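Labels run A, B, C and D following the written order; every chain starts at residue 1.
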Amino acid sequence: MLKEDYLHRLKSPRQVYIDSKLISDVSTEPSFQGAIDSIAEFYQLQESQPELFTYEENGKNYHISTLAPKTREELARKRKSYKAIADLSFGMLGRTPDFINSALAAMATNSHVLGAGQYADFSSNAVKYYDRCRNENLFVGHGAINPQIDRGIQLGLQENKYCGVRSISHDSKGMTVRGAKMIVTLAPIADELLVFNMPGLISGDEDFALAFAVPVTASGVKLICRKPLNHNGYNLLDHPISNLFDESDAYMVFEDVFIPWSDVFVFRDVEKSNSFYDKTRIRNHNGHQGIVRGLAKAELLTGVAIELANKMGLGSFLNVQEQLGEMTSSLELVRGAILLAEEDATLENDLLNPSIHAIQAIRYHFPKWYHRMVNIIQSLSAGSMLAVPHHGDFENKNGPILKEALRNKNISAEDRCFLLNLAWDLSGDGFGQRQMVYEKYHAGDPIRIAAMHYSNYPKGELFKHLDNIKRIYHDSLC
Amino acid sequence: MLKEDYLHRLKSPRQVYIDSKLISDVSTEPSFQGAIDSIAEFYQLQESQPELFTYEENGKNYHISTLAPKTREELARKRKSYKAIADLSFGMLGRTPDFINSALAAMATNSHVLGAGQYADFSSNAVKYYDRCRNENLFVGHGAINPQIDRGIQLGLQENKYCGVRSISHDSKGMTVRGAKMIVTLAPIADELLVFNMPGLISGDEDFALAFAVPVTASGVKLICRKPLNHNGYNLLDHPISNLFDESDAYMVFEDVFIPWSDVFVFRDVEKSNSFYDKTRIRNHNGHQGIVRGLAKAELLTGVAIELANKMGLGSFLNVQEQLGEMTSSLELVRGAILLAEEDATLENDLLNPSIHAIQAIRYHFPKWYHRMVNIIQSLSAGSMLAVPHHGDFENKNGPILKEALRNKNISAEDRCFLLNLAWDLSGDGFGQRQMVYEKYHAGDPIRIAAMHYSNYPKGELFKHLDNIKRIYHDSLC
Amino acid sequence: MLKEDYLHRLKSPRQVYIDSKLISDVSTEPSFQGAIDSIAEFYQLQESQPELFTYEENGKNYHISTLAPKTREELARKRKSYKAIADLSFGMLGRTPDFINSALAAMATNSHVLGAGQYADFSSNAVKYYDRCRNENLFVGHGAINPQIDRGIQLGLQENKYCGVRSISHDSKGMTVRGAKMIVTLAPIADELLVFNMPGLISGDEDFALAFAVPVTASGVKLICRKPLNHNGYNLLDHPISNLFDESDAYMVFEDVFIPWSDVFVFRDVEKSNSFYDKTRIRNHNGHQGIVRGLAKAELLTGVAIELANKMGLGSFLNVQEQLGEMTSSLELVRGAILLAEEDATLENDLLNPSIHAIQAIRYHFPKWYHRMVNIIQSLSAGSMLAVPHHGDFENKNGPILKEALRNKNISAEDRCFLLNLAWDLSGDGFGQRQMVYEKYHAGDPIRIAAMHYSNYPKGELFKHLDNIKRIYHDSLC
Amino acid sequence: MLKEDYLHRLKSPRQVYIDSKLISDVSTEPSFQGAIDSIAEFYQLQESQPELFTYEENGKNYHISTLAPKTREELARKRKSYKAIADLSFGMLGRTPDFINSALAAMATNSHVLGAGQYADFSSNAVKYYDRCRNENLFVGHGAINPQIDRGIQLGLQENKYCGVRSISHDSKGMTVRGAKMIVTLAPIADELLVFNMPGLISGDEDFALAFAVPVTASGVKLICRKPLNHNGYNLLDHPISNLFDESDAYMVFEDVFIPWSDVFVFRDVEKSNSFYDKTRIRNHNGHQGIVRGLAKAELLTGVAIELANKMGLGSFLNVQEQLGEMTSSLELVRGAILLAEEDATLENDLLNPSIHAIQAIRYHFPKWYHRMVNIIQSLSAGSMLAVPHHGDFENKNGPILKEALRNKNISAEDRCFLLNLAWDLSGDGFGQRQMVYEKYHAGDPIRIAAMHYSNYPKGELFKHLDNIKRIYHDSLC
């Protein structure tokens, strides 16, 4: 029923453009099918396995991802659900509903950070919005990244006013916004969007210093998708994963969209805008989901690399074994960091926040490992990836020869092609490269993640060592 | 007329499969159009600029790439023509006719390496084949890479006999071959194919130890193309380069193809097969063309990165400047190595062979630099590459907003999208990744290239230093 | 008293050579002073802080490092003691007594692996040896690495019989051994040495397939130290850490040393020799101590890098902040992996073994991070490390100028020199490079560590993903 | 006689401090012996091989390094002499007399850049100084690097006035300078010093904007050496190269040194100070010497690595062969870049300047390759470097065993120790790391070298490609 409800809501008209065509009914658009199926399965699991995917509060069952965790056991429960959900798409769908659900739970618990303004009690808005979303099991996506029109200039000074979303007028009922966000992932098939800025605004950016929610179907919201990365005319033998899980990234335009005060969380307030992601601890909970999801992805790539080595006759080469060991050992480090994030979690306002130090540590290192995994798969497949025929060649008169010519003692010709195509999808195809770019940038510029890690890191233990060695020196002088 | 001749020859029926369909007329196949246009331009230049693209011998003009150079000036002339030809496709077409032309000139000059056999004078065959090809201005492609069915086992012991091309019978007229080669690039639109093995065969591989020529149109030759990497339904704004220069890599099957002795150069001879590429100095001359072509490619990527930095507001960041300087300095190193290859060229049998040490040095380092260039373009474009609408969105009702929203003071919206799409094609799209894989592997496994460089390198100067430092030590003992 | 006992035992005559001189009394040798002080402090802490450094068994207190842990709490207790001990030398002493203590506990618990032979019950020997060592609080070092005389040939086939330690004769009382081990770290100041091989022996190596214990003072045991890396004539301002913690690596020669059967654990048994390190789980417990100790070292380097950035005016550069963040984030990953090693520990024969997958994961990655840390410190200090005067220059007539000329607003001239000298010791001096080489190789060749990680890694989760994606494909065909 | 003259001049008293002691006679200081011998050999070669090391002008013979080259042949002659001189010290002495000689030739030829001031004709000073130095065969060192007291603040605003050398007063006879320079390499054994700034001063730095010459023996010049990196008490078996070629880096203090106008080239002129190195083309000619010298160094390391592989039984491992091939191929790239620097040299004011683009390209890449070479040597030697006894151990009673125990079939025990010690000196010892730091920074911060390369690089060819691809797109629209 949850699943059916979602599919029903998907029918609501919205302005979605793919390949420059307005899609009247996103629910039937082939490019979205794989993602829609995964979201539908998300809801189905919520109903079929409540013990794993729900918690109870005041007599009602909610999705576990909306839980505001207070204990390590609850964090661990959330982690397990994140993993099970990520496994559905092998981690390729970055923005399944649990992602923003975990953010909403943090935002509501720490809603005091948002305070109140002339027209609205933002804190109370946040709590109500959270309650509504988990009650109605809405799929909330989000738009956070401002189009990088000129990366050398602050938002407020850019000539081009579509460099973000700004309020152009307001009255007692609400505000009207205009502008754009980019890489609004999965937005076309979401119910609602949470729109905000990552920290970094400065004085002068007030017009853009907003946070609010808006239904995808709202008047004036326009979603212009990038070129899809799935491949029409090819089946899952040809493109085993890129034809399944391309989560559309949309460029979202607000053409004078009216937002009632009840859905506004930050209004023209640079400091609050900068607090929105960090001080509410959304970053911690989003990050927790993110690294668990990343683990699923890295597991798939490691499995593919091992399968390639085994099936292509490469398993006995020491340098190949080292590369595979680099991959398996990286998996362990991800697992360790997840554990540390939970072990070092801190309770604040009755919310147990996974350690941001552990999360950002993996956020900085993971893209490099993922990049290596992609390169290793490329080097194991090498030219063979580029020598795979079309699936139809197995059925036309080339079939008998190809079935003979492309097999080896470990694997049939079709399975070998499937494996090499999977390797290509993950490492050579636009789909795989988009996944790599996503891992690298989805939580912000890695250079700044590292800089922030350094600046926030508790340095007591480090300075203790410095003090000790200075003391030994000074003692030696006496 | 040369151009028209080529286009006319293209009409000859051949067995070419794309997307599992037999292409009756390759000359009209959209996936090949960009490559065909470039080859046609190759012939046109030969006629329109003979001073640059031809040389005279015995009163007849031939394409400069077929010249067997004897002087540094001739090597330099060849280099300039390679560059001009590569510039036509920005280095993206790796197998333009000059590639094998340079090989044929070396093979003919050093044909004594091939000797004679029971049925044929292979040496004389090589000279005649060269003469015919340059006389008739044929486009000769080549098939050298054996399908890597099981990389842990030698050819002769593999169960699957399609792991290479072998002679299954022979008589006084010729031999009959069966088997396969992979990554036969541009083969569908070539006239002839030169089929041989890279060095590395060992005793027991005799059946596969062949080298011969065969017309693309010969009976029993079948070319099964990998999935094309161009994008139907998108124009050059959407895919500025991947829709132009996808040089098809074909999987080539020989179904009992008869080869007359006149076209055979190596017959069941492991040692000769191993000599074919190296001892004839094909490797030197192919390598010379290859690094010159690579330079064109690297220049395009460097230009794109600089343009990105300039237009996206990144030019003032020191770390971006360092990355761009890494790219421009790599270009210089390529240029230096080309110069060295010519300066250190050695005359042998009246043929001036570019230095293999310089060529293989760049062959080892260039793929790493190219990889870095691709990564730098990815990091400069980052998410913005994934926020580009379809070209049609500029013409539908989204047009006016997008033209406003996606421009900045340095660049119009459409030009910005063109630039980002070009960045994507080169760094994220399957086309760009295939180009990267091509650079890494087209001349063999880089690990083995390095191992060979070490083993062949003249070490006199190095050991002189060792001797000197030992001498100083021994002198100190007295 | 434990400390005094140790210092007293140190007086026992042993054959130790430094700089080709026989050291009659190691306890007064300046090169050993820093290490001796740390070991003495190790014993002192055992007495002064029993709650932290001891456990009780059958009414007696033993050093916590000798505990055979059965619970996670016990593992955590051991970890805390490892860290406190490592902090004494900032992790620079790799072979403090807790290292082999942890091994002995594993060896005794899993002594069944060793079995019995014709002359002795090796299993019972192991238990008794463990009991004696913990009872008497002996400092047991170890010799495991065979001199790499010819790395291309197996031990048993090498012409040079000093490529390891072999039994040359035996009788009913014991065996006589001859040969050599290398990098026997801290051996000159130890009480006992545990001699064994890392896994990797093969058939034909029987003579060398031994494991036994021997007192450092035994007749025929000779320790020839490498050139010390401390600096005579310089004080702790000049060499803040290299003059403190150079843990001598000795080349150990056995000139026909008699080993009674009671001290033998493996006798001419290739399989048992290979089991000694792994199947007894010594590797797990040694590895646990090793990564905890490594953390202390990495913390010092990170602290030094941060101090350099702060004091040299580099703190505001984004690229410097990224480098510091790379370091702090690496620390987190080490902490996560330690946690994982304990969390995933498995109980076997009543011994809780830290997860080898987590340990070897960090063992593979840590040397790369440590290398980066060293490089970052080099790049932050750059030329300034090479512009530091002798400490005496602050006291001669250069003093007044230098005190003025070398300070800045953040730091006095002497403190700046101390900091730069500390940076040099850790990143440029022979001491620092030896520490780096130690991290890279002390647990074996990193290439083989990775290969082993891959081969032992539980791959169920990885293959589950592969099965799922194959299933989706096959379902799609229906 | 030139040699004797130099050794005689060395006797002149100067203020040189080593290990805080004033050295009364530098000519007998053991730490300088290796460098002095090399400089003496420099002069000896000038006399013994005039055809190689001198040129004639107006009937007089000068050292070839002082030649202002006008032709490629002259550049090539200079290059050959640089190499022969560098070979004397295996490239380890970075600042032999030819280094500044090549600079003086450029400075004199382009002296118009310096212009004239109120008190002096700087241009004419430059010419006269050059003439005097080449006439008298003086060894001119230089001090260019300002102590990096606070790297975040410009010179003129630093509180600490020893952050450079500034003029504190002047009159009609000359100026008086006070301050410091760091890393004044080989200064203690030079005759003269050329003092200037690298480009980068800005308005407000006028006091420091100077260039001048000063005798090492001038009153008020004080040279405080860093701790020597040679090893007293060890011979050339123990330290084969670090005990030979430690070129002292001095911290140079000017305590109110008077400089007559005749020796001043820039006076309180920021623009001229910034032009001094670049616009006179000193950078080009210094750079030319520098990369040729670097080649000698890289050749030694490559030779050592090959010898290690051959003698330690590693030569048959493919991964080792790859590492050695990486080294030999890097040598080729250096050779190519040197050739390109000469081929692309441009004639300006009758001086043929090697291409700065080629030089800076190698300047950016070479330190990375050199770093790799050091790492490869470390990994080939691994623990064995740390298991080498003192040379005296071969002579005491350990001798017989060691001679047996440390040899293998390819190499004697002593030669093996020599080789491993050489490996350590180059890769682990302070000497080797200082050499690495020198390569990385001696021509400036590599990040800025790259940034400068990008900004100065002729981009015409790159933009031509961009124009072409845009044109193709625009043509496609028609």
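As a convention for this text, contacts are C-beta pairs under 8 Å (C-beta built on N, C-alpha and C of every residue); 3 or more make two chains touch, one makes a residue touch a chain.
Source: prediction; values computed, not measured.
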| item | value |
| --- | --- |
| Farthest chain relative to chain D (centres taken as mean CA coordinates) | A |
| Higher-contact pair (C-beta pairs counted), B-C versus B-D | B-D |
| Distance between the centres, which are taken as Cα means, of chain D and chain B, whole angstrom | 41 |
| Approximate Å spacing (C-alpha centroids) for the pair chain B, chain C | 51 |
| Junction residues of chain D - those touching two or more other chains | 318-319, 447 |
| Chain B residues within the chain D interface of the complex | 87, 90, 235-237, 240-241, 244, 296, 299-300, 302-304, 306-307, 318-319, 321-333, 335-341, 343, 357-358, 360-362, 364-365, 418, 422, 447-455, 457, 459, 461-463, 465-466, 468-470, 472-473, 476-477 |
| Of all residues in chain A, those that touch chain B in their complex | 17-22, 145, 147-153, 158-160, 162, 180, 182-183, 222, 224-227, 231, 233-234, 238, 249, 251, 253, 255, 312-317, 319, 378-379, 382-393, 395-396, 398, 401-402, 404-410, 424, 427-430, 432-434, 437, 440-441, 445, 447 |
| Residue ranges of chain A touching chain D (in the complex, touch as defined) | 318-319 |
